[in-house]
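Everything below concerns the one structure shown next.
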Amino acid sequence: MDFSYSPAETEFRTALRSWLADALPTGWGETVFEPKDEDERARFRLDWERKLHAGGWSGINWPRAYGGRGATLVERAIFAEEMARARAPEGLNIIVGHNLVGTTLLRHGTEAQKQRFLPKIISSEEVWCQGFSEPNAGSDLASVRTRAERRGDKFIVNGQKIWTSFAQYADWCIALVRTDPEVRKHAGLSFLLINMKTPGITIRPLRQISGESEFNEMFFDDVQVPAENIVGEVNGGWAIAMTTLAFERGPEDALGRQMRFKQELDELLTTLASLKRDGGHVIDDPIIRQKLAKSITEVEIMRLNALRSISRYLNGEDRGPDVSLMKLFWSHAAQRLYDTALEALGPLAPLWGSAATAGGRFQLSWLQSKAFTIYSGSSEIQRNIIGERMLGLPR
Amino acid sequence: MNFGFDGTQRSLGDTVARLLQSVPALTAPDLDPRQSDRVYEMLAECGLFALLVPESCGGTGLSLVDTALAVESLGGGLAPPAVIATLAATDAIVRHGHEGQRRELLPKIASGELRVAIALLEPGCGYDPHTMKSTIANGRLTGRKLLVPGAAEADLLLIVTGSGGKPTLALLDARSGGVATQVQESLDPTADFHEVVLKNVAVRPESLLGGASPERAVERLMDVSATLHAGMLMGIAAQMLHKTVEYAKIRVQFGQAIGAFQAIKHRCADMAVAVEAGQSAAYYAFWAIAEDSSDSPRAAAMAKSYCGEVARMVCNEAIQVHGGMGFTWELGLHRYLRRAKVLEHAFGEGAWHNERIVAATLAALIPETNRQWEVA
Amino acid sequence: MDFSYSPAETEFRTALRSWLADALPTGWGETVFEPKDEDERARFRLDWERKLHAGGWSGINWPRAYGGRGATLVERAIFAEEMARARAPEGLNIIVGHNLVGTTLLRHGTEAQKQRFLPKIISSEEVWCQGFSEPNAGSDLASVRTRAERRGDKFIVNGQKIWTSFAQYADWCIALVRTDPEVRKHAGLSFLLINMKTPGITIRPLRQISGESEFNEMFFDDVQVPAENIVGEVNGGWAIAMTTLAFERGPEDALGRQMRFKQELDELLTTLASLKRDGGHVIDDPIIRQKLAKSITEVEIMRLNALRSISRYLNGEDRGPDVSLMKLFWSHAAQRLYDTALEALGPLAPLWGSAATAGGRFQLSWLQSKAFTIYSGSSEIQRNIIGERMLGLPR
Amino acid sequence: MNFGFDGTQRSLGDTVARLLQSVPALTAPDLDPRQSDRVYEMLAECGLFALLVPESCGGTGLSLVDTALAVESLGGGLAPPAVIATLAATDAIVRHGHEGQRRELLPKIASGELRVAIALLEPGCGYDPHTMKSTIANGRLTGRKLLVPGAAEADLLLIVTGSGGKPTLALLDARSGGVATQVQESLDPTADFHEVVLKNVAVRPESLLGGASPERAVERLMDVSATLHAGMLMGIAAQMLHKTVEYAKIRVQFGQAIGAFQAIKHRCADMAVAVEAGQSAAYYAFWAIAEDSSDSPRAAAMAKSYCGEVARMVCNEAIQVHGGMGFTWELGLHRYLRRAKVLEHAFGEGAWHNERIVAATLAALIPETNRQWEVA
């Protein structure tokens, strides 16, 4: 075990840190922030990703052949830390494009698919979305009903998807579709790459309880998909989707999220240090300090859990149910963090927007956090996976 | 001894619940504070505001415990918090108003003609009425009040403030000179919160409540408000439990209703236990404050603290069991989540009331002299 | 709703209070306590029950015909409160004899059985134990295998029971036995009354994690039971056992337990008020006070939950899954209470016995509390009952 | 950067685990403090006490992080806490002992010839070494120490005490004049706790640790001990998880293994998440104190607080899943429950360390001057 860094790793960190100092606007994270409007924010994040790419900091751990720089997993972790330190913006294409589509294609795509798609993911020229869940296939994902019928050199796709993040900004979609309705439900699924500009696709934004519309419903009406845009074999989609989900819940994702939670926790601590109530500083309230200590510890453990998984992969182990452990932990810990934030804000916690402490960011995050334990595989699904695949308990 | 409600009490609860159900906008997903404009009038027409007014003043002459189920229905139906502010103010006037206030105001409150908003919170203060910065000096009240529900529509403001270093209650015309009211953005815009700025507002001695012991009037208002809030919170929790169980019966995954899975079934059971326990605490507090029982401050504190925790847990679990649908705007569960949160933070959160619970328990258990014992 | 008492109820309370003042030894609960030795304590409790009976305070809510005084449920509740106020000892025969056997016989026994057994329960001349669970029939109680074969005017009983409280002191046992192994498992059970002096019964004490041996294993080897000692019909035992369990978990039991938790909580508060640490009193620690507040509230709610159920019965409702709500609540709340007690005792919490604060009673109770969520129907079973029978969720 | 253990580290863990398994009495149900008499010697024979001793003093010259898995095995195997007291004392002598102490004591510790007991707690005090009532004055130490594991068998006592108003460490012969040791009854008799009464015990200057900065030696001892305790707690938690999962696979009710029921399966999953998280915290603390990283006090505090909570939760759930068998004496789960509890209360409970975590975090995050900002 060794948490110290090699000279090469330290050099990587220094280079990134100095690049970030130049690339981010002056006053970033202190006086300058992301746009509030959702569409503007999406454009802002896409611009930021393109800037990262121009600087050579996009998809760093991908092979050089597809535009990456072949960075090690440790460098990937340093990357996450430095982004956190600089409070750099999140990306629009990171979660689906980089983490899901990229990694899935690297494992299961044909060489032609890799050549066609990977460079444009890394450059963020093409944004991706994920069409897996359906109204009746949520936790029970293998029940997807969206049909893809083979006609000549095309698949004809009909059906409905739901919870599609950023579909409104996406150029492409990975979709899990049913190609054989006659067989056992897991055995009749395929994995398609669908151009979002194809006629027959309708998007309807879904508002969340936070008021934002990160998610969408997607309707496919006789959508034509060229046959070469299948990943893997026909009816072999389930196993590929499982790879995708393992990356969705993996340490790369967890480190990115930890970055954001750490920023918000630090902001909470500095806010409470300056917030006065009944003549004292809120930060000095021993009851609140106990809860803060728990969140400080849990946010640190989020990072350590992710680093442990990365180290397991470095030491030759495969991705497995460890990703479910990680997701279950961070999702519930983050909910506790925002519950604590609102408790600490006290009598004025109900205020929203400009009148609220810290501009209402903790209230918004609190609302958003309610979804953490549901999306990307609900806590119930993660517990099944851990119980059965890791602990070996019977189904 | 009977810890159950009688026919009249149950029927009041049902009436209020049905009446609110007839206003779909109340529980609609969108956060429009105006969607409930008509509700106050409807509740007045059905006699809600007359319940606590003595018969001699044109009311029904019931006690707070008679309203417990009605208050729960107000909570579950997402009635605006301004409604319970008027109920709490009615109790304050009945118990601590002078003859003039009772005679002049109570009949109009009973008929729905007068609405009262309660102003407690101030910037930089907690919930303790002793620490408020607003004060009455030389017959003038100056201060700034936050998160006052329904202040813009209110005819009267019941203001928790200080006078001569002691907490007191001033009951003022909302249109008095020097009163400025402005909408405040909040987590639950439908709670219709306002900031009220008071600048040298004239306060005549006859506008004060509580006579020679204004502190008792303030304490009672806090206890009554805490109890009413606990009742509202239990209404939300019961409603969330109900919706969750119904959803678990019809939502199918893996070939069966999700309510058949222990992961869901056992969670619903835990929600039911929490609702039962919270109702026990809330109902007892209603009884204790109605009877002015000596343990009523402690009972009110227990109810507010515990029911806030219950509502929080139940709302979170309700969203979780509803899965993806739970966090959509359209299903509207967020309305209950938001309302529960703002009620949790009104008239004392858990930690504040917990401190009061311990203090009251120790005061009853241990005579002060014993506190200094030492163990070798 | 009305928590005030009628003149008759108040008179009942006054009479009981003055009787208790006379009946308990001087200094009771302050300088005089129950014996520490388990056997001595059992005898002490039995003596106390007989004293209660002599004073007319045993089985007060039973019909006069069987030795009770026909007290109302409200008087029953007052009884529990006054016993708590006086810190009166628990009984040995209350839980099984009075609450389970008595109530079951009152509902399902023949007149002859009532005449024979009830008066001796009320007088504590005969102590009872409960033979329901078996090593392979715990949560799955309907799987009991102990066989009872009819031979002439007798049943011949063979098998093993477990978790039998106070079997070592018992004169009689209620036993759930299999009389028909051929039918569906719930349909082949019968409910027998077995004299513990019958040849063929062996008792082996089971030590619990607290070191005490409240429970036993019981072995039946060709035990002869007269045929008239069946309650209800042959193969009709399951429904009767369910009645028994509803009383085991009922408000009478809950009030008795609440009595003890309230005593211990008060003891904890007075202990912490006099306990000094780092120059201050432990009771003034705001973090500990938060946890104490929760336990104070929960112990109060235990009482209120029970009173609500009693009021439901008074108002004509039947015993139902409300008893599961009650048991689930008090068992977990009590565990939290003792966790809080040990936390509050702080660095010296590990001390035991005479060196420990308050003589180590909180440490013993903490150990004992681990069983609360398991016996009398585990929390998992209670949640099934609530989910299915109260909320109507599918099996 | 590699947050994994190498072959040597893993093998050390396995060796200790196997060695302890060869002593069934260690985990037997009965609470006999003597059941583990031979264990100290066996561990010495396999070289455990040489690990932290520099090669120049006859040891293996490893660092604390190398012992993390071995400490976890000590926890899971219910090795007596006296074992880790000697390990913590070894670190104290290596880092803060003077040349004479190092040269004289370390070789004998390495060989198992010398055992060290650590005395911290005092009546009426908390965990803070600054508040101890025992003191050294005029070369004489007087005080009373409680819950000292293994004091009767120890050759040396490492005593946290005060001198000139500051915390300091005295390393004394356990048989010095004025030292009286007596067994203390405890929740876990197998932890072998003693009371140590010190009456005018002679303390020569060369018996002190830490040279010019004794406070740093005390702080380090607290952090090292907290971390070692966190490691032991995780050993218990991992062992309880393992036993619970194995039981859930074989115990049949309602016609299937209970591990198939979500009520059990999901609880096991939550236990696994807790164990993973606790190990993350504990392993990082081992690394941080081994490297003397600037965040090591915070890392140790996090590990002790969090792992105490994890072990508590996992032990409770383990008993629950085992059902009736879980609370029998014979199955012996109570041994782990008791041990986890006494370890939780040693070298700082959760609340105490939580306060340190917040203080350390704020100190790093906010320069002191900023603490005085006010919000309008």
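Per-chain numbering from 1; labels A, B, C and D assigned in written order.
In this text, contacts are C-beta pairs under 8 Å (C-beta built on N, C-alpha and C of every residue); 3 or more make two chains touch, one makes a residue touch a chain.
Everything numeric in this text was worked out from a predicted model, so none of it was measured.
K.L.:
Measuring centre to centre, with centres taken as mean CA positions, what chain is farthest from chain B?
P.N.:
The most remote chain is D.
K.L.:
Decide which interface, B-C or A-B, involves more C-beta pairs in contact, and give its chain pair.
P.N.:
Contact tally favours B-C.
K.L.:
Which whole number of Å gives the spacing of the CA centres of chain B and chain C?
P.N.:
Chain B and chain C have C-alpha centres separated by 39 Å.
K.L.:
Provide the C-alpha centroid distance between chain B and chain D, rounded to the nearest whole angstrom.
P.N.:
Chain centres of chain B and chain D, defined by C-alpha means, are spaced 49 Å apart.
K.L.:
Counting in whole Å, what is the centre-to-centre distance of chain A and chain C, each centre being its mean C-alpha position?
P.N.:
52
K.L.:
Among the residues of chain B, which ones contact at least 2 other chains?
P.N.:
Each of 123-124, 261-264, 266, 351, 375 in chain B touches at least two other chains.
K.L.:
So which stretches of chain C touch two or more other chains?
P.N.:
Answer for chain C, listing residues that touch two or more other chains: 276, 286-287, 290, 380, 383.
K.L.:
Please output the residues of chain B touching chain D within their complex, sorted ascending.
P.N.:
So the residues of chain B in touch with chain D come to 123-124, 261-263, 266, 375-376.
K.L.:
Given the complex with chain B, which residues does chain C contribute to the contact?
P.N.:
Within the complex, chain C contacts chain B at residues 1-5, 9, 74, 77-78, 266, 269-270, 273-276, 281, 283, 286, 289-290, 292-294, 296-298, 300-301, 304-305, 307-308, 310-312, 314-315, 322, 325, 328-329, 357, 380, 382-384, 386-388, 390-395.
K.L.:
In their complex, what parts of chain D are in touch with chain A?
P.N.:
1-6, 9, 65, 68, 245, 248-249, 256-257, 259-260, 262, 264-266, 268-270, 272-273, 276-277, 279-281, 283-284, 286-288, 291, 293, 302, 305-306, 351, 353-355, 357-358, 361-362, 365-366, 370-371, 373-375
K.L.:
Okay, in this complex, where on chain D does chain C touch?
P.N.:
Residue list for chain D touching chain C: 29, 31, 121, 123-128, 131, 146-147, 184-189, 191, 193, 195, 252-254, 261, 263-264, 312, 316, 319-320, 323-324, 326-330, 333-334, 337, 341-342, 345-346, 349-351.
K.L.:
Report the residues of chain A in contact with chain C in the complex, numbered from low to high.
P.N.:
Listed in rising order, the residues of chain A that touch chain C are 286-287, 290.
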